[in-house]
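Across the two complexes that follow, subunit A remains constant while its partner is subunit B and subsequently subunit C.
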Partner chain A sequence: MGFGAIGAAVGEGYTAAQANAALSRDPENAGGIFKSMLVGQAIAESASIFALVVAMILLFSDFSNGSYVTVAALFGAGLAMGFGAIGSGVGSGFPAGAACVGLARQPAISGKLTTNMLIGSAVCQTPSIFAMVTAFILLFSDFSQSPVNPTWAAVLGAGLASGLGAIGSGIGGGSVAEASSEGVARQPGALTTVTNVMLLGQAITQTPAILALLVSFILIFKSYPATGAIAPAMALLASGLCMGIGAIGPGIGEGIASSGGVRWIARNSSIAGDLTRTMLVGMAVAESTAIYSMVIALVLIFVV
Partner chain B sequence: MIASIRETQKKYCSRAMAIAIFVGLAFIMAGQKGIGKGLILGTLFSVLNFILMGEMLPFKMNASRTRASVFSLVFILFRYGLMAIPLILALKLEQFNLPAAVAGIFLVQITILGESLINFILPNRRNQL
Partner chain C sequence: MTIEGADIVKAAAFLGAGISMGLGAIGPGVGEGMAAAKACEAIGRNPKEAGLLTRTMLVGQAVAESTGIYSLVIALLLLFVV
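This part shows the complex of A and B:
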């Protein structure tokens, strides 16, 4: 809950700051700006409510019959959801802020702008939903038949992979949605093109989080032979950390690449094809580091 | 300004509550009382949270920076505490279904996003928020 609140607080704060900028530009349109801010903040808060749900389950459920693996799984679930909510909370604040500023610039298109902002914000929530899925699997799976060593490290690694891996994609997705809201406000005629490129960019920005989810599923569902050695357990824990931390940079980087594409397509949609191609090439290169991380994570799981 | 915030709240809160009551009653009539009651309970607190968010916005905007920061922090803690109530009730009492209560506390957000999605898919229906 603590980690999860960080993202929502930053995102909501950013939205409020942009709403101030918008109010200063167009005080006459205060009502519309406040509406946009309220709706945007409500969506930005979703990720931290996911964290609240997991925190309440951890606090008020009875896990007294669990083994040491269950203890590690519960800790992993908390970490997964806490870290996983940071990126989505921060990311969702970006389009909400941009929509407030856009509304001050173009009050006549408030409906289109709000729709675009909300679609962008909704996609930003997907990494935190991945993290919540991992958290629920860790919370409700039965690990009583699994050997304590090295399963404790696998479940903890799974939580870290999924949680940390969601941070970059959440923030990156938010950057794309911000550029889209800004673009629609500048060029309302390019709404359809901008929204479609935004969705494409956001979909690719989610891939590091998906790779992290894949590694966390492998860590959870693979069966491990019992061992007294510490090295296999450390390899599984390192695998989760490798994938989780390795996915942060690509998620943010792909978001930056995609936001550039969306921003400039809005200004010059006549060369949307060329801009989309450049955007996709840039994103593919940024993605490669997430793939390297996944390869190392898989080597740590299957080879070490 | 306050009127437009209230208008937004009324629109989404009434829709979320109507959906919760309609779906909840359908579940109760189908014999799934826990699901119906959980959904309505969760939605009630989701609506309450959204109303409180909107009601406090003008105050926060008009207060000094220090007062607004302190007030926002205290108020966020209060709202999260409030949102925890249906979850704790659902976890502790058999009569409320937990997944339904969780779905309920997201119903305002689901309503907002659902409307936007319909507007995006059917552009002719798009109107001013």
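This part shows the complex of A and C:
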């Protein structure tokens, strides 16, 4: 919950700052800018509301008959949702801020701009929804049949993987949506092309979060032989950490790459094909380190 | 449960491998994204040079990738050699 609140606060703060910048540019349109700011902030807030729900469940449920595995699972659920909400909170703030600035520039297209912003920030929320899914699975699964020793590390690792893994994709998806809102405000005529490329870019930006979700599902649902040694447990914990941290960079980087593509397609839509190709090649290369992380994570689970 | 020295060394090696690859993936991921964003910007300004710019982008990204590959090598060493 604490981590989740950080993201929402940063995102909303960014939106408010951009709204103020926009207001100083175009004071007559204060009402429209204010409305756009509030809508954008409400979406950025939703990630932290997910975190609040998970925190409430953790606080008010009765887990008195649980083992150490349950304790680890609850801890993992809290970490997943807390970290997972950071990215989406920060990311959703970006398009909202860009939409405020865009409204000041082009008040006439407020409807199109708001629609574009809403689509972009809704997609930004998906990584935090992935994290919430993992958190709920961890909260409501029954681990009483599993051996305590490696399983505690697996559930903790699963929470870390999908929580940390959602940070990068949330922030990255936000920078794509920001470029798109900015582009629509500059060139309202390119709305369709820009929205399509934005969705393509955001979809690819989500892939590190999806890899992290995959690793955390494997960690949760694989069954482990009981052991007294500490090395197998550490391998599972490290697997979650590796995939989770490893997904941050590619998520942010793909977002930056795609935001460059979207921004310049808006300015020069006659070469959309060339730009989309370069954007996709660049994103594929940025993805490679996430795939290395997944390879190491899978080796840690299945080989060593 | 008795914990032996070899067990602890192995546990630390696994943890180290995970952290090495995880942290090592952040920088290249962000850096390659920046390279690609700049390439898109340059192509947007000067579409005629798209081929040359894409080539330069890929060379730059390959260099940025190298630290990611170092992390991968270290992680594999920690997993299978130590």
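Odds and ends about this structure:
To be clear about the criterion, the second predicted complex is superposed on the first by the 304 of 304 C-alpha atoms of A that agree within 3 Å, B and C clash if a C-alpha of one lies under 4 Å from a C-alpha of the other, contacts with A are read in each partner's own complex, and residues count from 1 in each chain.
Note that a residue touches a chain if its C-beta (ideal position, glycine included) is under 8 Å from a C-beta of that chain, and two chains touch if they have at least 3 such contacts.
None of these values were measured; they are calculated from a predicted model.
If you put the two complexes together on subunit A, you find that subunit B and subunit C both fit without a clash.
By the touch criterion defined above, A:Thr289 lies against subunit C but remains apart from subunit B after alignment on the C-alpha atoms of chain A. Rounded in steps of 10, the angle subunit B-subunit A-subunit C defined by Cα centres in the superposition reads 170°. With both structures placed on the common chain, the touch criterion links A:Thr114 to subunit B but leaves subunit C unconnected. Counted by residues of subunit A touched, the larger count belongs to C, out of subunit B and subunit C.
Applying the stated contact rule after C-alpha superposition, one finds that A:Val69 touches neither subunit B nor subunit C. With both structures placed on the common chain, the touch criterion links A:Leu211 to neither subunit B nor subunit C.
In the superposition on chain A, contact is made by A:Ala122 with subunit B only, not with subunit C. Residue contacts after overlaying the shared chain place A:Ile137 against neither subunit B nor subunit C. Superposing the two structures on chain A brings subunit B to within 27 Å of subunit C, judged by their nearest Cα atoms. Comparing the two interfaces of subunit A, the one with subunit B and the one with subunit C have no residue in common.
Those residues of subunit B lying in contact with subunit A across their complex are 1, 3-5, 8-9, 12, 50, 53-54, 57-58, 60-61, 76, 80, 83-84, 87-88, 91-92, 98, 102, 105-106, 108-109, 112-113, 116-117, 119-120, 126-129. Within the complex formed with subunit B, the subunit A residues making contact are 1, 5, 9, 16, 20, 23, 30-32, 34-39, 41-43, 45-46, 48-49, 52-53, 56-57, 60-61, 110-112, 114-115, 118-119, 122, 195. Of all residues in subunit C, only 1-3, 7-8, 10-12, 14-19, 21-41, 43-45, 47, 50, 53-54, 57-58, 61-62, 65, 68-69, 71-72, 75-76, 79-80 touch subunit A in the complex they form. Residues 149, 168, 172, 208, 228-231, 233-235, 237-257, 259-261, 263-265, 267-268, 270-271, 274-275, 277-279, 281-283, 285-286, 288-290, 292-293, 295-297, 299-300, 303-304 of subunit A are the ones touching subunit C in the complex.
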